[in-house]
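In this document, chain identifiers A, B, C and D correspond to the written order of the chains, with residue numbering beginning at 1 in each.
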Amino acid sequence: MLVKDYMTKHPLMGQPTMSVVEAQRFMGENKIRHLPIVGKGKRLLGLVTRQTLLVHPAKLGSLNVWEITRFLSNLTVGDVMVKAKDVISVDKNATIEEAARIMVENKIGCLPVLEDGIVIGIITEIDLLAQLMEMMATRLPGVRVTVRMPNVSGELAKLVSAISAQGWGILACGGVPSPHDPAKWDAVVKIRDAPREAVVAALEKVEGQQIVDVREV
Amino acid sequence: MVKFIIRRLGFMLLTMFIVSIAIFAISEIAPGNIARNILGPFATPEQEASFLAQLGLDQPLHIRYITWLVGSDWRAERLIGMPLRRIKKPDTEFYEWWAVEPDGTLVRWKLDGEDLIALRLQPDGTVQESLDNERWQTDEAGISTFWGVDTHNRAVMWEKGGGQTYWMRAKAAGWWVEQPGGAREYIPLQKGLLRGDPGESVKTGRPVGDALLRRLQNSILLAAIAFVIVMPLALVLGLLAGLNEGKALDRILSVGGLATTATPNFATGIFLILIFAVWLKWLPGATVFASERAAFENPKMLILPVMTLTLIELGYVLRITRASMVEVMNASYIRTAFLKGLPYWRIVFKHAIRNALMAPITVIMLHVNWLMGGIVVVEAIFGFPGLGRYLLDAALYKDVFAIEAGAMVMVMLAVGTQLVADIIYTFLNPRIRYA
Amino acid sequence: MRVDFEQITDMDYRIKTPILKVENLAISYETRKGDVPAVRDVSFEIRRGETHGIVGESGCGKSTVAFSIVNFLGRNGRIVGGSILFQGQELRGRGEEELRRLRGDQIAMVYQDPMSALNPSLRIGDQLSEVLIVHRNLSKKAAYEKCIDMLKRVYMPDPEAVMLRYPHQLSGGQQQRVVIAMALLNNPALLIMDEPTTALDVTVEAAVLDLIDELRREFDTAIMYISHNLGVIARVSDLVGVMYAGEMVERAAVEEVFLNPLHPYTQGLMRCVPKLGLSKESSYLYPIRGRVPSPAELPPGCIFEPRCDYARPQCQQAHPELREVAPGHFARCHFAEEIAAQKWQPPQDLIPDLAALAARKPEVAEPILRLQQVKTYYEQERKSLASLLGLGQARYVKAVDDVSLEVPRGCTLGVVGESGCGKSTLAKTIVGLEPLTDGRVEFMGFDISVPVSKRDLSLIKELQMVFQNPDSTMNPSFSVGYQIGRPLRRFRGVPRHQVRDEVIRLLEAVKLDASYYDRLPRQLSGGEKQRVGIARAFAARPNLVLCDEPVSSLDVSVQAAVLNLLLEIQQKYGTTMLFIAHDLSVVRFFSDFVAVMYLGKICEIGPAEAIYAPPYHPYTEALLSAVPIPDPSADQKRIRLSGTVPSALHPPSGCRFHTRCPRKIGEICEREIPPCQHVTAEHRIYCHIPLEELRRIEPVVTVK
Amino acid sequence: MAVSEKVMPSISARPSFWLRLRDALAPLLASKVALVGLALVLFWVLVAIFAPFLTPYSPREQDADAMNLGPSAGHPLGTDHLGRDLWSRLVYGSRLILVLAPLSVLCSLAVGTTLGLLAGYFGGLIDEVVMRLLDAMMAFPAVLLYLIIIAAVGASATNVVIAITIAGAPGIARLVRSLTMDIRTRDYIAAAQLRGESPFYIMWVEILPNARGPIIVDAMLRVGYAVFAIGTLGFLGLGLPPPAPDWGSMVCAGRRYIWSNPWAVLWPSLAISSLVVGLNLFADGLREETMRYQ
């Protein structure tokens, strides 16, 4: 689960000489929210997001209508972009959770992926959410069970062995600290080819764990 | 690669061998012509025979070829029974052949009537004459013979007592005498071409080798200056024309190059003389060599000859280079280079030029033959005392030995240049280098 | 913990913006006769990580499209209409400098003939690294390291040493790997490949195709793959566009195009190619009639109308648009739906005499040609001085080494193998164009082990040849009539005044009319020249005809016609044939018996059906698994040979195939010449592996 | 191809002579350079043909009263040191050179083609021997070869032709040899061998006609060289013996009077240059165009 495998390779990119208007049109046409700005040899020069393209009103305050028009048409992406030194990026060999952490901590929606200063891809919040979706095997049918278990090692193994004892397959499995009880974990498993009742019956027998939620999806 | 070069060297030797036979055969196949050419149409058959004998031209063809190539002294030594030595006559450019006596004295002979006279060279340079009749060897028939060296650098078999008279041509005087004793057989002494002695000029009697060397230096000077001017100029213009294939610059350079190459050398020379010497009067129209160093003392007179040579070669090299450049620029790997996104000049300098110059170098070097033809003509136009002029004079006078030697030198130069070209080519072309 | 993630389907959620979007592209070439439209109205798009195949016969404009994308159309080519969007930005009208920066960095190209694509006088390392040095300003050292990494990724053995070599020191397959590595160095978004494997042998081609596929997955590169070979296109592409005479006539997913073609041209193409797994009794090739129109004189309506079986008056007037006939399936035909609905019937003049074909199955007759331990060696040109003087040992290229075989009367023996395996030399030895080094060739009971110049005219007459290259098969200085008439006069003593009639009869036999009598070869197309070549060979009424790759340089539609013609004539005259080809499908279609050759030796020989089914010789197996099959649904085992074919100057000891054999059993293969194992009386395999084991091998190709 | 496709079926006979001539001339007319060359050459050819009608004087007629004159009404180009009319000498000189040059080229073509075909077709020892001999001949600078030959056999029209033949044949032989070696590998040669044709039939009927293109272009260039060579020999004093109005000899003779009468050297120099350049331009244009058509 490394960034290089889940990033978007060959992202659309822009040049610093592009006008802001052109960049807005380009991003709109292609339905993208982030545009890495590169120079010769795909070297990262900056990053443009939809916000950066919205010109700060303070800059326009003193200008009249015609001056604004001229100002806007002369404004290039190079003028407004977040400069490369301020762009937070990620290495292609980072894990995706590392990428998620960076994005969460900085409250940003995308990370250019660099190799020797050269843009080789881009990873956005959508990419990460997609992976969350995939990790939970969202698109496959099965029984999704949330089990609350003590924060003790061996608990997940108990759950898994109970499932495998029935000969069922696990489509997805994950766990987070329970939002309701600091001493507990909420684990989610998605089981394939198993009737809901049988699953409930089997998992209820696991000691010290309780089923919080069961649904067939 | 070493193998390749050795192979080329082998071929070169083989070629030179065939060339030497060819030159020899063409020049000497009809010795009668030579005699008539020199003696004029009114010589008697006896005189002609004697002339041929004295020059050794009465010998069978293969003996003459061997003599010419590797000399005759070793053959004469066996007949005379003494070692022979060639020394340079002090203060002249002539050589003399002497026999060496066991005590180291140099000796040769002359026939005075029926008396054999030995001439011994003294350490102080004077010559001591003494009667030497005991050397005659007489057979049963009473004919006495003796093999010795005469004063004209020939091994001679003298003979007397046969009751015959002998024709002698006194070279300096040009008239013929009859004598009771005389020379029956001659072997003109020479070391042979391979040992650096191509013989004496029939016209002047001077050794061909030395004259040739001096003339060669002059010619090389001329050719070298022209070469230094032509090569960079022609290559650059050729590359430019090739890069601009089909555009005006290319058209002008190509057609101009064709015209200058095609115009006969002598016409080019004449045009230049007419323009710069006759009408503009800027430059001398001929070269005058008052001294050995004339070319350096008055370099202005070299300008027109060099210019003529330059014009002769320029167009050819230019066109070859252009054609090669055009071909290379259309090659697949140049397309690759473009598609790699390399800048134009990087493609030209790094990818194209090296490949484009590979072909011309061999072709240009092969063209040295053409240049040599040009040199002959240029030297003739401007009266420049070089190898070409020497050859031309020899040809006009039918001076066989001079022609033969000069021709061999010229061909050797041509073939040698081609060998150098081959070697350069192998260095430039990795396909051969790493074959 | 046992977690079971099996069968998670790959459904990509990402919006795939097309990397390349070509719309209504039109390209013209300026010529003396005015502008000639080479490409018209071509549209397609390629997404990230997708391979878009473009297939078409020679001269249909596929390469022109490729070069237009990098704006490298030569001096007289010009884009006259449409747009090319790369990464969402228009490429047309961009400055040269901007395009230069894209080339080699974001767009890379690999094309045919790797040898000429590399600069002969620069080291591989310099040629690779300059891409990085120019586009990324890397230092030479850093660039070199990256290049070595990339060479490793394309499975180049000993990359450090390769960096220091010159192109001529690498084999064809290695050169193509270098070119591919060079293209990928900058991780381009778009890779254009123009016939990248056409110059390679089939086993090498298979390996390169595998490599391309692997790299595409790894780099997520969009690939535009151009080829004339339907099999290769079927193997590599996700989407396929079919081009005809400068237009794209059909575009759809690969399965759709191959299994459910909608355009009559595509359908015609599919019926032209012999498919592996079909023999000549069970299939017949249906050539497309006519020939591709020249770009200067296109028909006014549908460009395919003159050759179309479904043509109607409307087709002559209205030019059809490329329209979406089924979801994702575009075709340029007015009546695509109608055609798709009805079942194809071969037109009257093409209906073969299937019954006759089936009945022709020859009873095994006595052999007409018998080769016993035939050897043909060429003396290596000696270049050292020593050898010039007659010293040193002569070295021999063992082109054909110890070949024994028999051809029964009236049958066809196909000989297959990769280039350099000696199959052509074998044919030339039999007809006497190459002197025999050792062994014996017997024909109709006569010993013909002497060169042709020493043979009796009546024997020469019985052995004729059909040649490979249509451009050199005919003497350009003489008319068709003269060239066919000459053998008539020499061999059959046809009187002068009857020659013309006789030649015209022969021309009609090869489906050419009398007007061809006075034509010169340059007025004929490739297929027509090949027909004349066939007529010339059969003019002598020979007993044995050797066909040396007679169709390999022809386009598929023409190829089918020539193959059919050969079959028909053979049937008519009852001629025995030796059919040489590198294409296993064609040989299978054409031959009764097949011999597989490798490095001058026969590996396996037997009836055609037996060769294509287990037990196989390991080389036959590898060949079969490498053949690109124009059928995306066919299942093919994946066996790849390592290395390259060794030089015939120093063939490997023991079994010649041991250096590359995936089933090598041990030292015995290196030491001993493999024994002949008889599967049946006619089917022989030369291999150390016991027959029982070979029998257990599963079939390589299974067609659903 | 497509054009011929349309035209051909309507013509049942073998492509007529005129059609083929048109085909052959088409590339020529397309090249301006070749046209200029052709014009120059044609000018001299016409002058040579109509020589008697163009000249008021005989080329050998001397006039002691009119020596070394510049152009005037009586003598449009002036006179030489013996008072001979330069124009008349030029005109008759063109006859001489336009006969000798093609003749010598034809001779070297005959010799060179035969040697080249033999060496190229048979290969092996024959090839090796012929090539070594040719290499040796090619090692000679041409002018040198002329010098040696003329020195040995004397200056005369026949000897000049012989010398040029000897000097030119090796080049043609090499060209024909390489063409032969290339054509020999074509399939139609194999087809001829499979008809049991004799080597001589194959060489002269199957191979030679297909080598004609390059040979013709080469021969054109060689006519230029031959004119060049004849002029040079004349200039060097090795050409045709004196009274003959040989252009080179005229320059040679006039060289001595260049200061007093530049016209006597200018006109013949110009004449020979224009003819050689014309021939070269023509041959070169022809080559370029034929190459483009391939």
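One rule holds in what follows: contacts are C-beta pairs under 8 Å (C-beta built on N, C-alpha and C of every residue); 3 or more make two chains touch, one makes a residue touch a chain.
These numbers come from a predicted model, not from an experiment.
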{"item": "Greatest separation from chain B - chain, by CA centre", "value": "A"}
{"item": "Most centrally placed chain, judged by C-alpha centres", "value": "C"}
{"item": "Chain C and chain D: spacing of chain centres that average the CA atoms, whole Å", "value": "48"}
{"item": "Cα-centroid distance, chain B relative to chain D, in whole angstrom", "value": "29"}
{"item": "Chain A and chain D: spacing of chain centres that average the CA atoms, whole Å", "value": "82"}
{"item": "Residue list for chain C, restricted to those that touch at least two other chains", "value": "101, 105, 135"}
{"item": "Each pair of chains that touches, named by its two labels", "value": "A-C, B-C, B-D, C-D"}
{"item": "Chain B contact footprint on chain D (complex, rising order)", "value": "33, 132-133, 135-144, 147-154, 224, 228, 231-232, 235-238, 248, 251, 255, 258-259, 262, 265-266, 269-270, 272-273, 276-277, 279-281, 284"}
{"item": "Chain B - residues contacting chain C, complex", "value": "3-4, 6-7, 10, 246, 331-333, 335-343, 346, 350-351, 354-355, 358, 428-431, 434"}
{"item": "Interfacial residue positions of chain C with respect to chain A in the complex", "value": "1-6, 8-9, 11, 13-15, 17, 19, 48-49, 87-89, 101, 105-106, 135-137, 186-187, 189, 219-222"}
{"item": "Chain D residues touching chain C - in the complex, by the definition given at the top", "value": "1-2, 4-5, 8-9, 11-15, 30, 186-188, 190-197, 199, 206, 209-210"}
{"item": "Interfacial residue positions of chain B with respect to chain D in the complex", "value": "11, 14-16, 18-19, 22-23, 26-27, 29-30, 33, 255, 258-259, 261-267, 270-271, 273-274, 278-279, 285, 368-370, 372-373, 376-377, 380-381, 391-392, 394-396, 398, 400, 403, 407, 410-411, 414-415, 418"}
